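Below is one structure, written out as structure tokens; comments come after it.
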Amino acid sequence: MATLKAAIYPGSFDPVTNGHLDVIQRAARVFDKVVVAVANNSTKNVLFTIGERVEMLKKVTKGIKGVEVDTFDSLVIDYARRKKINVLIRGLRMTSDFDYEFQIALTNRRLAEDVETVFLMPSEHVSFVSSSILKEVASLNADISSFVPKVVEEQLKKRLRR
Amino acid sequence: MATLKAAIYPGSFDPVTNGHLDVIQRAARVFDKVVVAVANNSTKNVLFTIGERVEMLKKVTKGIKGVEVDTFDSLVIDYARRKKINVLIRGLRMTSDFDYEFQIALTNRRLAEDVETVFLMPSEHVSFVSSSILKEVASLNADISSFVPKVVEEQLKKRLRR
Amino acid sequence: MATLKAAIYPGSFDPVTNGHLDVIQRAARVFDKVVVAVANNSTKNVLFTIGERVEMLKKVTKGIKGVEVDTFDSLVIDYARRKKINVLIRGLRMTSDFDYEFQIALTNRRLAEDVETVFLMPSEHVSFVSSSILKEVASLNADISSFVPKVVEEQLKKRLRR
Amino acid sequence: MATLKAAIYPGSFDPVTNGHLDVIQRAARVFDKVVVAVANNSTKNVLFTIGERVEMLKKVTKGIKGVEVDTFDSLVIDYARRKKINVLIRGLRMTSDFDYEFQIALTNRRLAEDVETVFLMPSEHVSFVSSSILKEVASLNADISSFVPKVVEEQLKKRLRR
Amino acid sequence: MATLKAAIYPGSFDPVTNGHLDVIQRAARVFDKVVVAVANNSTKNVLFTIGERVEMLKKVTKGIKGVEVDTFDSLVIDYARRKKINVLIRGLRMTSDFDYEFQIALTNRRLAEDVETVFLMPSEHVSFVSSSILKEVASLNADISSFVPKVVEEQLKKRLRR
Amino acid sequence: MATLKAAIYPGSFDPVTNGHLDVIQRAARVFDKVVVAVANNSTKNVLFTIGERVEMLKKVTKGIKGVEVDTFDSLVIDYARRKKINVLIRGLRMTSDFDYEFQIALTNRRLAEDVETVFLMPSEHVSFVSSSILKEVASLNADISSFVPKVVEEQLKKRLRR
């Protein structure tokens, strides 16, 4: 018997990159519904407001079936329980910090045994640029058109080159 | 709209360990149907026949909803296509070989873009013992009761201590 | 001929976690005397004062034979020499940063060939939560009772939720 | 037919260590010309001014054939193109962060397909101390004479112990 | 003053893959001359004879300026000295075994201080398939056309499917 | 109150290298007694007999206070219990396989909670050559005098070059 399978993809998305987008597309093929959940963490130093990040995500995921964009400011597992969704998605890039991802996933599991973290592997073509390296090279006038969607490229240029 | 979500968990399972079982249980909570697919690879040196491995898997997964046990002797992505299932599951242990897992997953993706590999993280309590270490310590009369299900423990004892 | 074997376990302990406590207990079984040495590093951003950290450590290690709590504000190897102790202890978590630990240990060895770093492996049940992740989830009202001793849990709640 | 082979070794060099110097010497044996390029990154928190870092580098590389010291404040690949040099050098220490180095190298390649990153392995005797650990132990009065050239040791002492 | 810069790229090449070919092309842009040196190691279990491996390499590198194919059956550093070439090239794949590569490079350096190992990073598009995984999937009738040059694909098919 | 502190350093030692010897020397400074325990594992493919390996170890450790050489053919934790020693020593080389070492240590801990594994870090000067690489380069007539003690060098030459 089929049940609706939903998953949450949490992150800062400051801003969304082609790597994030690749994970979202893969998640949307595996699950019926994917909630992209933007962390509204007041203490973290961000380039874009929560509103801007949500807006960019909505634009770039518009065509992908089953994807919603939301925000959260609690523990991600508390958010998952409120949404009654028991799957978290994380992208596991070849160049990512496994140790950190595992710490987070194990901590979340200890806090909520019923919420499962599922790791997807983004395409090797788009996955190596983290948001922080992206912002660094963008501030030095790099051509970032292959790292981010068009709408993000424009926002980043405006923000960083003023 | 909910569609039935199925996934394949391929492996040698020579024999199934508590770590495998943990992955199967997690997969069964994320997906509607989980096909545990035992590789019938004639060139690999195995302790148990394909029939014995299937039998042990069937016994230990009997109570888990949505789990089937099957065998395959082709490429796993060809098997996935024949079964019309587009998700592969791999357990990603903290002490596993990420590099090898990534090579396999990227190779499978290149061979079949439509089949997605999903990584689950088994419990840290049961995940560190690989089948090969298990067989080594079992052959030296170790108490393996915390590493494998009861039925496997008995089979291993019979096989290794004759 | 038996000599008294002492070791220093240096760290920030901001605050002490169940992972630290597990290392202390293991160290106390291997060595006759274990000095838990709290770094009084004025430049590092800490949540608890050196006095508070020492007090919590004293409370949670009270029952463990051979354990002392002390502070230091010099190089750890200079502290070791003053104490006439030639063994440093570090916990090596599966999810820890080996590279960083190795850099520190090799640097200390170059500075003091006579001081040996010994790595212990904390239990996989308690070792994955670093002090920084702990503080982050605690500030979001997570139930941290399985990550820290009772006395630390209370202090953290007071400090973070005011 | 031999062409002049030049390479750029970019970095912060805040300050230059024996590990950097080892990479420079190896690079000078592999290439005809090595440009040590000091990043003039205004946002990064540095201990020494760009002028001081260049001066120290010039002093310690004076005797090495084919080595020049320069500064840059753009993307390193834009600098490479202006210098008409298509090889970047990076030291790959056993204790370095491969993931980060690979992210940077892949990003640079995407931005400039014609610029190749070449990794050299510094000697295990000098390579484990990063500039940041160096500054930390130097500020605690460590004997750093085996980590940095004499001229740097003196500058560090003046700067940190005032 | 320009000197002719030569490098040796040693390996088993059983058979050459697109990943090897990518490294050869990058090496040929960095160095004037690249000697692809096929190890004639009698104890290692190989699929293709030394003659077949050399022939395939010659065919696929024919168009690349400065590339030669040769064989060696001694220590690679002894071969390098006989050829009067002081640079060894290794491809450093994101999914490769750094530890092993570093052991080999450090051992070679200890045996021959004057021979430098230089690591190149093959393209992420072609680098993840090792020769051993290639042979495994090829034996299961995978479409390997994106992993190896055309001539190698044909040879592999003949060899494995007889 | 001081108790005699003993530790077991288990391994194949086929043959003992300078890296092993470095670990033994460090262990002898940390513990009162160090039992170097040679695994008599009939299934593993070895170059030297158990008797030869013991003899070489005895020769090279003769001058080190508190060191004994012994053999075992059971589980190492069963051997430890028979010897009433509750500490196992493992060398943790920068280029070693952490994952495998952790699997073994966690498995041993599960089998015997009272036996603690302690990791020591051998000198970076001697630690990178594993016994298997050593044997490979020795068979190709490499000068191995910096990797092994004199007595082992002679035995290896005799054995491999006949």
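For clarity, chains are labelled A, B, C, D, E and F in written order, and residue numbers in each chain start from 1.
Convention: a contact is a pair of C-beta atoms (placed from the backbone, for glycine too) under 8 Å apart; a residue touches a chain by one contact, two chains touch by 3 or more.
Given the structure is predicted, the values throughout are model-derived calculations rather than measurements.
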(request) Check D-E against C-D and say which one is joined by more contacting C-beta pairs. (result) D-E
(message) Find the pair in B-E, B-F or B-C that has over half of its contact pairs, by residue number, in common with A-E.
(response) B-C
(message) Roughly how far is chain E from chain F, centre to centre by C-alpha average, rounded to an integer in Å?
(response) 34
(message) Quick check: how many Å separate the C-alpha centres of chain C and chain F?
(response) 29
(request) Report the inter-chain centroid distance for chain D and chain F in whole angstrom, where each centroid is the mean of the CA atoms. (result) 38
(message) Quick check: what residues of chain D touch more than one other chain, meaning two or more?
(response) 94-95, 102, 106, 124, 128
(message) If I apply the definition of touch given earlier, which pairs of chains qualify?
(response) A-B, A-C, A-D, A-E, B-C, B-E, B-F, C-D, C-F, D-E, D-F, E-F
(request) Using the touch rule from the top, collect the residues of chain B that touch chain C in their complex. (result) 94-95, 124-125, 128
(message) Quick check: in the complex, which residue numbers of chain A touch chain C?
(response) 74-75, 78, 99-100, 102-104, 106-107, 110-111
(message) Residue numbers of chain B touching chain F in their complex, please.
(response) 94-97, 128-130, 133, 137, 140-143, 146-147
(message) Show me the residue ranges of chain E that touch chain D in the complex, using the header's touch definition.
(response) 1-5, 26, 29-32, 86-87, 92, 94, 98, 102, 105-106, 109, 116-121, 124
